[in-house]
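Below is one structure, written out as structure tokens; comments come after it.
For clarity, chains are labelled A, B, C, D, E and F in written order, and residue numbers in each chain start from 1.
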Amino acid sequence: MRYEIQYRYLIKGTSGPFSLMKSTQQPDLFGQVVDSLSDCTGMQRQGFFHEYRDSDPLPSASVLKDIIDLCRAIFFPGFYGRNCISQSTLKYTMGVQVESLYNLLVKQIAAGLCFCTKTAEGESNDPFFAKAQDIASYIIESLPRLRKTLETDVVAAFNGDPAATDYGEVISCYPIIKTLINYRLAHELYMLHVPLIPRMLTEMAHSETGIDIHPGATIGHHFTVDHGTGVVIGATCIIGNNVKLYQGVTLGARSFPLDDQGHPIKGIPRHPILEDDVIVYSNATILGRITIGKGAIVGGNLWVTEDVPAGTRVVQYRK
Amino acid sequence: MRYEIQYRYLIKGTSGPFSLMKSTQQPDLFGQVVDSLSDCTGMQRQGFFHEYRDSDPLPSASVLKDIIDLCRAIFFPGFYGRNCISQSTLKYTMGVQVESLYNLLVKQIAAGLCFCTKTAEGESNDPFFAKAQDIASYIIESLPRLRKTLETDVVAAFNGDPAATDYGEVISCYPIIKTLINYRLAHELYMLHVPLIPRMLTEMAHSETGIDIHPGATIGHHFTVDHGTGVVIGATCIIGNNVKLYQGVTLGARSFPLDDQGHPIKGIPRHPILEDDVIVYSNATILGRITIGKGAIVGGNLWVTEDVPAGTRVVQYRK
Amino acid sequence: MRYEIQYRYLIKGTSGPFSLMKSTQQPDLFGQVVDSLSDCTGMQRQGFFHEYRDSDPLPSASVLKDIIDLCRAIFFPGFYGRNCISQSTLKYTMGVQVESLYNLLVKQIAAGLCFCTKTAEGESNDPFFAKAQDIASYIIESLPRLRKTLETDVVAAFNGDPAATDYGEVISCYPIIKTLINYRLAHELYMLHVPLIPRMLTEMAHSETGIDIHPGATIGHHFTVDHGTGVVIGATCIIGNNVKLYQGVTLGARSFPLDDQGHPIKGIPRHPILEDDVIVYSNATILGRITIGKGAIVGGNLWVTEDVPAGTRVVQYRK
Amino acid sequence: MRYEIQYRYLIKGTSGPFSLMKSTQQPDLFGQVVDSLSDCTGMQRQGFFHEYRDSDPLPSASVLKDIIDLCRAIFFPGFYGRNCISQSTLKYTMGVQVESLYNLLVKQIAAGLCFCTKTAEGESNDPFFAKAQDIASYIIESLPRLRKTLETDVVAAFNGDPAATDYGEVISCYPIIKTLINYRLAHELYMLHVPLIPRMLTEMAHSETGIDIHPGATIGHHFTVDHGTGVVIGATCIIGNNVKLYQGVTLGARSFPLDDQGHPIKGIPRHPILEDDVIVYSNATILGRITIGKGAIVGGNLWVTEDVPAGTRVVQYRK
Amino acid sequence: MRYEIQYRYLIKGTSGPFSLMKSTQQPDLFGQVVDSLSDCTGMQRQGFFHEYRDSDPLPSASVLKDIIDLCRAIFFPGFYGRNCISQSTLKYTMGVQVESLYNLLVKQIAAGLCFCTKTAEGESNDPFFAKAQDIASYIIESLPRLRKTLETDVVAAFNGDPAATDYGEVISCYPIIKTLINYRLAHELYMLHVPLIPRMLTEMAHSETGIDIHPGATIGHHFTVDHGTGVVIGATCIIGNNVKLYQGVTLGARSFPLDDQGHPIKGIPRHPILEDDVIVYSNATILGRITIGKGAIVGGNLWVTEDVPAGTRVVQYRK
Amino acid sequence: MRYEIQYRYLIKGTSGPFSLMKSTQQPDLFGQVVDSLSDCTGMQRQGFFHEYRDSDPLPSASVLKDIIDLCRAIFFPGFYGRNCISQSTLKYTMGVQVESLYNLLVKQIAAGLCFCTKTAEGESNDPFFAKAQDIASYIIESLPRLRKTLETDVVAAFNGDPAATDYGEVISCYPIIKTLINYRLAHELYMLHVPLIPRMLTEMAHSETGIDIHPGATIGHHFTVDHGTGVVIGATCIIGNNVKLYQGVTLGARSFPLDDQGHPIKGIPRHPILEDDVIVYSNATILGRITIGKGAIVGGNLWVTEDVPAGTRVVQYRK
């Protein structure tokens, strides 16, 4: 076997690292390891260490989780969030939630802006905060529109599943609804050039549901994914209205050109376009900047790298 | 490109929403958005808003998580739950756990019943609680039987994996065991017509393990799924004993008839039947009310929509 | 239908268990069920119950989570862990983290050793602790080496994805980085014959990211998996350097010999070898102790059970 | 010495309980002790054990703490409670707080009513809830009045202490303000015949500040206590407006008549009346149903058991 | 004024430390301060630094709080601890509580023994654990006896206060009951020569209620303290049965002999003896090894340093 | 009785608020009360409402608690704070603690400065942060000096109490040590003109121990208070070295001059001076700007308003 095992002295329980270890004084061990791990000069040069300037806020996974929880409660009151919702006091609850969402968004957006911007020591981070306030205000203003779109997604999930009993079950249980709340918020932030945060939001949904939608993808209304685990939707995908995917579907890139240093060139459209009313069955893989025409149906377990005309149906060849 | 970008004024960093924003007074912004989001009349009519009656309990994802944690500790003491378990005091621990489980179940079942029932204002919710107590008592009574079945699942997982070192590792680590604890409890509740809760339980396992078993599916003893991510088992599936699936297997519906309004008709058997001793390899997709006969083996990455006779083996055609 | 429904008295809402239930006194119910569930003699004989000796520590999923959080903060300071990291005080933070990691590792490793060892009542567990201290010291000493390897993985993920904007995004968001931190630590512990803990660590990553890497697999540097959901890498896999996988790829066993009692024989090499520079596209399934030669490319959705020569490319046959 | 030491075998480290203990099997020990402690028949007869009826809520110290925290935030927004308070969104915050307070009050008041009422098995607790809703509504209606009174208390504390820098310091730091929030709420509940809860509220303040005001006491506006530790104000005290006490002052009962069984007779006025503008200096003890007349001053460390005329001053006799 | 202000450069807001500070580089500041604070050699020699041996447990205030919470729930089930207590399942709850209490006690007692014993490096701490198990077993065995005594204390508090409505209110609210639970447990541990823990327990009660009872004091049954704030009961006090104190009473030492180095000599009886049926009114101070005879009454605010004969009454002289 | 009961319609359970209540619609109730409580214009004018400017930090009781916990761990490592302290890694722990303390102090000090300063809308709060950094740096620099003084306090407490077994018990249990950690930190901040925070710190100790030391008081080394409940030390007190107080001692103001509007004039020396080596016994009250001379002893329960010459002893007159 050509792949050398690195642990050369781990030979079947005979004298190994342990006897050697015992002579090593532990404090010395700590000292050396800590010194080695703290020598961040080289690490930083390469981008593996991030030193924060004083008073810069930090993007925080747990705060982003709070943001998502607030959005769920704002979009679907009575299904998520506070336990007791009545029409008479909904306004108070909604007001506090919207205000909280605004405040959390400002901090996280500013954190994203600081995180990704090289600034000289002593430079103020006030401009980041001003920009973050503008962006957060825009998001707040967009909430009613986002809710309308999400409601169409609930309808699509319900209509597409005979096992669904009512909208309540869809909203409370269906992974695609949770994923789309994250995605639709992340997409707004992505379009406003907020760095880092959009991707963190969609990866949170990816971890929770197994559905990986890049925040850069464009997705129409009445969109649904059944079951969902393993679905991948790439950054430059464009998806029309009334589209339905099943679990394991990949809408990916076929290949991508490299620049002179061998790095992939950013920003080139490289993922499929799915026009309105397309259905893609489970585990199909659709790659490259091709178009699946309006109303086309792609069968399960297929590997598709060329255009599919509108209204047609492609299926797997089977012996 | 036909898919209009909604953010029409987001043209490459030039004057965009930000300058417009600044003239908007934030309090006004909040006021308008909150009013819009709180106008729940229309929303409620369509089923996107759920108003609770006073004193109705609510289904709670975090309480359901406690219920699952209790079940794990009850079914496999010493592997889950309290740290220190000795034979002499196991009875006390078990007693408290069983009592707690009963109390939590009563509340959650009643919550599910209230959630899904339209009741007139002022009507008492006592009948829901009485029914919930009956159902919870039945579940408590079923615990020893459920544990027996789950023990066969541990044996099946252990026998099916050369990498497994002992039952302890299987119980502590294997995703299918965690999934089956949720599923087997959810299935009992589903058979007793408890709404919402069963699906929430299986979706919790889906999120944790990537294995999506509908609570309506019927599954025999000695069942196992290796690795598991991406497995989908539909609502009307019937699975015999000693069945083994690999990751990515779909047991789904091929199509479903619609009613006059274009809504799928509920409750029609539409998922496969797998008889005893069937093995299905990874990423196979089996669709429709077909039967995979006793002892049949379905190869990986297959797309199966017709009956497979007992004892046969179907594999992918490869160039 | 041949599969008997167990709930024989659940006939369409007519008199069912509920009326029967009401005559059952609940205290009696609890008493019987608790007695049944606490009769652990048989259960223990079969390995379904684990009784702890006094003062034995226990493997703990939540402590293992703390261990992983510490590792993330040690490997990528400023991206994970404490909010405010400056070069001047990094040493203190690193020192406390390394010391904490050592202490937690000692307890969990000792717990793993106790858990899997039958000891006579009254026998001391001191030897387990001494061994655990040796192993933990070795891990601490290995941290700088592990970090170097993980940095190559970050580079590989960045180079392989046109959508990645910088190393920071890769470290903060990409599921494969989270998975590899767990795997690379788990693999060290696995090679040192620590029981249970390595598998718990990789299953934690499996649950979080959908990528299931067995701690026994051997994986070279500059390794990456794109998207990742549904990837399975078996216990005896050997993967070279610069290898890239896509979502849904299985590196599995084809079949495994059974011993006289029908149990699978442990420890036989049964998973693929992937040499340097191999790429495997999404949902491909590679089974058995075969070799994918240096630089080979395996197309998506393939089922591969024979060697693939170096430098070649295999793709799915499509009608 | 007449007081026999119970630990007769604890003789200076010689053979004591330890050697005896070792022969005792611990499981037996647990069994016996648990049986003894669980034999609640006698205990219950005497009132030392409280068995709850199913679904009865329970008075909860931690919920009462939440109630007090809500009251502090409602009475003094910006000093207690949510961090960010602006005039434009104060209404939302206040609305949610008032609604939460109402809901918590209903449950705790109902709990107090259930706790103290003997009901037959099977009897409904609905009337308790209806009564609790009425009482809670009355409290909500009283909030603006209570805040007005508490504002006079802030003014009195500020005017009475040269060390106070502004109202903000008084509201944030002064023990008497915290105590009076508890007392003034508790007194309302006491007047409405809510059992148990009022005393729990004032004892919470007693523990936090060392000021023990019985909820039955009647206290006018502009009341203050400086420092406060050790102050005791009895159940039938009547205190006018503009009264100031110092630390360690007791307003207590001198003696109380017993009934035929030797139990103290309840409800007899037995504590002092302090008219408007009285000042009592530190550690003075005023006992019995006497009157300290308008504007009187009682010197420190005095023992007062007879009326003090209006406008006079009594001081300690010193050698 | 002779007391020099140390902050010599803090002259009325003129150029002070701030301008000086700014030239100080903060990293240097941290480095110097940390070095100074970490130079523990001298500190340790004097006893101001405690270095722990590996694996020694530590006395923990928060675990002691758990111990007290368990005792409250064990002694007065239904008033403290788990919410839902029914006679049918009380045994399970009690069993778990007693087992938990035993385990926590073993660790804390062992921690106390380790903390206060100088042991050579490498010496085992097993003997401490063996001794701790013996002591904890004795405490468990004593629980029924302790509960009996505490029940007499509840009766005494109820009989002594016309404002008390029932035993439930006394158990739930009265500071003396909380204090006596801590004291009576602490006293047992003190008599068994457990170091540190007893004092930590009584100081926890002191902080919560303002009643400071040294664990060494001996106190009979039917003991009560009304209100309680400021009461002090010294280490060598002996208190008979049916004794009642009011707030602010001190049972202290008058003076204590010093040894050759000027340190107070330990262990000499120096606090008062109160015989049966004594009453001491508020803020009385009783000092030295004197005896307050059976049935004597000591008036409030008195300073008593000589014996008080049985049956007599002493009161403050007032002008 | 002259003190009118406000609850005029609460006449012995007859028709009271409840029947009236029921006609009141609850939503209306909430609306009116919320509007009334949110009308903060008048409230703000008077200083009862504090509106925060965006991004201003807020003084936080829970962060101040963290600051105190950090100080305890820094001053007495091994007795407070992290469990496992060894000399070899103490430096790392101390470094992290000191850095954390600095960061928390900066935020809280800035919060205090913002809280108490009227600033125009739009004005930057940067100067507050710069000042807070200077002050926090000075505090960090002072830590070694503060620790030295606190060590003398431990010695004084030990020497003054025959019941103390070692320094460890004093550090872990004695209320005066906890109080002095708060006071000595608060005094530094007070001398540096930090508003609000110092008083919040000493009130936290007051609540925990019953010892109320104003942060403005000046206190020498080797200071101790035995038991401590009820002790009050006023803002302009000056206390020398080696002074010992007992519980219940007041060092207060006798009276204070008012200005033209009847408000007390701030900043006038009005509390006692205690020279070196003074002892004050329990419950003594010493009032006004008088001097207790070096080595004087003040007996318990005394009321002292005139100078006590050095070396003398004053005691209570008793019949």
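Methods note: contacts are C-beta pairs under 8 Å (C-beta built on N, C-alpha and C of every residue); 3 or more make two chains touch, one makes a residue touch a chain.
Remember, it's a predicted structure, so these values are computed and weren't measured experimentally.
Annotation, subunit E versus subunit F: rotation angle of 120 degrees from the Cα superposition, expressed as a multiple of 5. Centroids built from CA atoms put subunit D at 49 Å from subunit B. Chain centres here are Cα means. That of subunit A falls 23 Å from that of subunit B.
With centres defined as mean CA coordinates, subunit F is found 52 Å away from subunit C. In subunit B, the residues that touch at least two other chains are 26, 30, 34, 84, 89, 91-92, 94-95, 99, 210, 229-230, 248, 283, 301, 317.
Taken as a graph of touching chains, this assembly has some other topology, since it is neither a line, a ring, a star nor fully connected.
Contacts between chains, counted with the stated touch criterion, involve the pairs A-B, A-C, A-D, A-F, B-C, B-D, B-E, C-E, C-F, D-E, D-F, E-F.
The touching residues of subunit B, when paired with subunit E in their complex, are 84, 89, 91-96, 99, 103.
Touching subunit D in their complex are the following residues of subunit B: 26-27, 30-31, 34, 55, 88-89, 92, 129.
By the touch criterion given at the top, residues 1-3, 5, 7, 10, 13, 17-18, 21-22, 24, 26, 29-30, 33-38, 40, 44, 46-52, 54, 58-60, 115-116, 195-196, 199-200, 203, 206-207, 210, 212, 214, 216, 229-230, 232, 234-235, 248, 250, 252-253, 256, 262-268, 270, 283, 285, 287, 301-303, 317 of subunit D touch subunit E in their complex. On subunit B, the positions that touch subunit C within their shared complex are 74, 76-79, 83-87, 90-91, 94-95, 98-99, 102, 131, 134-135, 137-138, 140-141, 143-144, 147, 151, 154, 159-163, 165-169, 171-175, 191-193, 208-210, 218, 220, 227, 229-230, 238, 240, 246-248, 273, 275, 281-283, 299-301, 315-319.
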